[in-house]
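Look for chain A in each of the two complexes below; its partner is chain B in the first and chain C in the second.
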Partner chain A sequence: MKQKTEYGKKAVLSIAAVGISLFLLQRLLVPKYVDDVVEGAFIREYYKEEKDFDVIFVGDCEVYENFSPAVLWRDYGINSYIRGSAEQYIWQSYYILEDTLRYEMPKAVIFNVQSLQFENAQSEAYNRMTLEGMKWSPSKVNAIRASMKPEEQFLDYVFPLLRYHTRWSELTSSDFAYLFRTKRVSHNGYYMRVDVKPAENVPEGRPLKDYSFGENAWKYLDLMRELCKKNDIQLILIKAPSLYPHWYDQWDEQVADYAGKYDLAYLNFLELADEIGIDYSKDTYDAGLHMNLSGAEKLSGYLGAYLTEQAGMKNRKGEEKLCEIWEEKLEAYEEEKQRQYQFYGIKEDFNERSSCD
Partner chain B sequence: MKFMQKREKISHGKGKGMLSVGILCLCLLAGCGKKEESAPAVGAETDAVETEEMRGAAEENVKEAETEETKDIKETGYVFESNGVKLTVDMNMEGILDRLGEPNSSYEQPSCAAQGIAKIYTYSGFEIETYPDGDADLIACIVLKDDSVATSEGIDLSMTKEDIIAAYGLDYEESETSMVYEKDGTKLCFILDGEDISSIEYDSPVLN
Partner chain C sequence: MFFTSYEFIGFIAALFLLYYRIPKKYQWMLLLAASYVFYFMAGADALIYILVTTVTTFFTACKIEENETRQKIYLKEKKEELTREEKKEYKDGQKKIRFRWLIFCILLNIGILAVVKYANFAISNVNDILDAVGKKQQISYVTLILPMGISFYTFQAVGYLIDVYRGTCAAEKKLLRFALFVSFFPQLIQGPISRFGNLSKTLYKEHFFEGKTVAYGLQRMLWGYFKKMVIADRILAGVNTIICDTSTYNGAYIFVGMIFYTIELYADFTGGIDITIGIAETMGIQMEENFIRPYFSKSLKEYWQRWHISMSSWFRDYIFYPVSVCKPMLNLLKFSKKQLGDRVGKRLPVYVSSFLVWLATGIWHGASWNFIVWGLANWIILMISEELEPWYEKFHKRFSVKGKMSFRLFQIGRTFLLICILNLFDCYTSLADTFGMIRSMFTAQNWQILWDGSLLSLGLMALDYGILTVSVTSLIAVSLFQRSGSVRDQIAAKSYPIRFCAWYGLFLLVLLLGVYGIGYDASQFIYNRF
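Presenting the complex of A and B:
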């Protein structure tokens, strides 16, 4: 009997040891997204926040590279967060919004319509960057199911070790350093770049066989609209002023018609670029694909005024706790600005302002 | 984004037993180390592992393979010809650029999160779009933009749907605004404006 108990104990200990080892291996092998490719860390960063945002952005790189929540706070007292990720598909935006509403009820949701062009996921790598960061919930399960390409397996999302076991030969010191912790890589979801690459030779869009958005895209836009309506949230559709990939007039008409039909706001910033003062020779870091800091701050200034005047957002700078949070965030924002200006050898007129001015 | 890089000391585990089990598991997993699929790119993270020599040798191999590939132009599927240079989709652009000459303009479209760079080369009358495939840029599509160029079968933008059928036959997929012919996986698409042709496009299967 005693021998059996001993045997049982050893078996349990062995199983536990293997389980712990596999867990540690998984922690070690999954990409940390703390060095060059930080975009994979954006979605998970949200969970560390004090969740009391007035405005939530969802969408692809056209939200996280073009809008600065720091400016919305600094100039308008609007507390916002960007839940954007690389090539975030519309069904992912919907489930990320659903996931967000488990924690808080924002007053407005801003969705960038660029992703309406996709009916299916285009890349497993982008799926991973968006989905792995979500906390487990029915929303995440549904997001994975809606996103998986035919060659993907659901189990690989449950046990990422199955997906990343071949990464053992690519490990770097960061994989060890960030085994159990992460570092902040965005500014409320905003990815900052201060460098400049003027937009030149931007190609025209090539003619398409069919300009209609697909059924799946419309389905998730409907779901997003209904979810917002049910929760008394304003849904604001936007098209960021990115010059490429081309935004076709035919696409724009469909979105404008949809917005008109359901009484939604739709801001096409491509058309507003001149009014906002976007200078594509200075305000983009990748030849018109995304804004740099200068462009993002101009755009955010315009959006802040719109949200205040047209969407009824209140200035919350009177809230002490929020001010303290933003004081720290703005400090980190300014520090990174300076670090990048120094790195790229760029000079700027730096006027530091307090978060509660 | 080197300004973001931050190196920290590697933490060391304490339990030798645990370490042994971990190493055992790592060895087991390493057995699966043949890379059938690559993990999402994580940028410069490979730098710490690969030595300069290893990388140099790998680059040499890739270049050799590319040169061979460029020499042996596969003329399967539809072929477009410009000034004696034959182009098909999925061809490596490396050798093509030298032979086609300087484009009128070019544009790079780095994908989000460093997943490669798509490139667009504009020549008189046509445009070539590429997609990244490892270190190579392969042709994703060739778009004929005006009637100064024509397909190898003689169709240009000044012609009509009737001319297309006369040249390519009736085996095509039709939608309201397009006619698509398929050959060896490549697609030749005619975008129509009524009976007229508004654009001609050679598409790689990667665009499906």
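Presenting the complex of A and C:
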């Protein structure tokens, strides 16, 4: 009996030691996405939010770098959030939307159509950045299954330590500082950049053999449309005004036809850029790939007006609780803006307004 | 399913849980089912080959034993009636029948192996000859699947058949039990080539869960994974860089490459065998050891007694001995004694038998002239060593070096370098490259690469060299500890916290330093291809 108790004690202690040490190792070795590649942190930040959004954006960098929810709130009282990540594929956007609907029912979903061009995942690193941030749910499992490249293993997502076991040789102080905590890196999913790199000599798109989007891409667009319809959510398709990668006319026609067929709104911001006043010599920070803050705020201004006038979004600035939340968020938004203006040596020309005026 | 894949680890875990939960009498059946699932997952098309070998060997062995039994009964019944000559005549007649059965089955199974493994090699040689004599006709190559582990299970089955023929083991009476002996999955990947008499002692027994046995098995597996994933698969990058580009990497690089490859081969092969033996051990099954610290050998002869023991003993027992005492060889012995005198004459048949064994060993290793030359190079060195033995003895006596530590170290180092050079035949796919690279090593002008940082351009970083240095030192240390008994026993004698730290520490080393996951090209075990 005594011996059995002794064995029991040893077993419990050993299991505890193994469990704790593996947990700590995993925490230490997984990328923190705080100081370097912050894009990997966007998806997970959503779960900390008070989930009562009118508009949810889903898509790749063309949403999280081109639209500012802070402006939509500040100027139109629209409460929105961007659930986007680097090279987020359409099936990932679909499952992330499905995941979002577990928590809330937005009035509108805005999907950026750039990712229709992909039939399969292109990069394991991008898969990781998008999928690791999702909380475990059937949607996450399906998202992983739909995204995995042949060389990937599902188990590596369940136990990220297996994937990042070699990171011990490249640990930085951030890995220790953010072992148990994290910090916000986005503004409701928006990734702010204030610096400027004019778009010059943007390369023309290479002619393609076939301009048709693939079956898999259409399948997930259909699923997204059906999901929105089932939940009485407006689906708005957009194409952000990024000059590169090239958006072909043939692609645009297919999306426009699809939108027409199913009575969906489709805004191609490439065509609206002049009307909005996008100046590609000032409004982009990476030579036309993405908008900087100035470009994003112009776009958001236009989109806010559209959502109010055409999509029936209401101004919610009368909601006290929401105002309080946004007060804090806008403060952080302004602080970050000032920090970046200072860092890049740029003079501010933005007229600050109160969050609830 | 590779030993290093998640699927395999999951497969083993599931099997292990089932194994100790089902009624004990069904354990061997579960192993048989698991073996066939394992084999099926490696390629359903290959199942037919292992089935043919299993069925033909099983029935032939039964037939041979049945004949032997019938012979005994007949002779017992006719003990009084038959004369001595009649008995002998009857025995000889029956032996001939058994021999025909034996030869038929061996030819069939070795024939299958020869066709699937060597058909294209033979065609390539015929085409070369046709080309050389100016014929434009060429024979087309054939597309055949190479069933996993075919060399191992064929040799195992043939060994069993010969043992039954010789009467050194009884024929297995149940087909399914025999099927398990042939297909037992841990040994399908890279051996060892088990003997029925040994493996069957524990393979079919009912096994109860014993903490110590299971723990020992897991520890052995862990050590195997350490060798394979931390050492072999890490150093592989350096080996591949050197052998894939002969124009850049020659001279001193070859010296580095052959040492890297020899380390990789050891870590890979012994690591795989550790995993195999460990898996079997967790299920209470004892397999024979395949290595006894081979790189501590003081001569090539000793090395072959300590490296891949199951293969070398197979060639010794089933080729060398029978060939040495076969009629043509005895005739050769008579002839050579008469022509060359007693001293030289009696050695000639031994050398011929050894030649055949090393030719077969070379061919067994691969369908390429490189392997054949590798086998014959081993034979030449062994024969020269044999001939020089009296001179060695004289030298040892004259300089009183025998038994001295420094001389033993010299012998170990010399043998290791010799093995490294022989291994070069395994690295390169063409003989011209191999000889070219060996020559370049001896005429090298680029020895500065050993210290000028060039070694960091071989796909290995300074950190990799650090890990390899520490890991290989650990391998040597463990080998030295093994001389005074089982290392697992030594660790088991320590207090619980020390034991826990030792084994969990090793697990963490494999987990963190192992080469696996994204970017890792799941390299097969080297001996898997044989």
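In this text, the second predicted complex is superposed on the first by the 356 of 357 C-alpha atoms of A that agree within 3 Å, B and C clash if a C-alpha of one lies under 4 Å from a C-alpha of the other, contacts with A are read in each partner's own complex, and residues count from 1 in each chain.
Assume a contact is a pair of C-beta atoms (placed from the backbone, for glycine too) under 8 Å apart; a residue touches a chain by one contact, two chains touch by 3 or more.
On a predicted model such as this, the values are computed, not experimentally measured, just so you know.
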More chain A residues in contact [chain B versus chain C]: B
Which of chain B and chain C A:183 touches, first, second, both or neither: first
Touching partner for A:169 - first (chain B), second (chain C), both, neither: both
Chain B versus chain C as contact partner of A:126, first or second or both or neither: first
Contacts of A:153 with chain B and chain C, given as first, second, both or neither: second
Partner chain in contact with A:275 - chain B first, chain C second, else both or neither: neither
First, second, both or neither for A:10, with chain B first and chain C second: second
Contacts of A:24 with chain B and chain C, given as first, second, both or neither: first
Touching partner for A:40 - first (chain B), second (chain C), both, neither: first
Touching both chain B and chain C, residues of chain A: 17-18, 21, 25, 124, 161, 163, 165-166, 168-169
Complex contact set, residues of chain C against chain A: 6, 463, 496, 500, 504, 508, 511-512, 514, 516-518
Residues of chain A touching chain C in the complex: 10, 14, 17-18, 21, 25, 124, 151-153, 155-156, 161-163, 165-166, 168-169
Residue ranges of chain B in contact with chain A within the complex: 1-11, 17-18, 21-22, 24-26, 29-30, 32-49, 105-115, 120, 122, 127, 129, 141, 143, 175-178, 180, 189, 191, 198-199, 201
Complex interface listing, chain A residues touching chain B: 17-18, 20-22, 24-25, 31-40, 60-61, 86-87, 123-126, 128-129, 161, 163-177, 179, 183, 185, 201-203, 206-210, 244-245, 286-287, 289, 339-340, 343
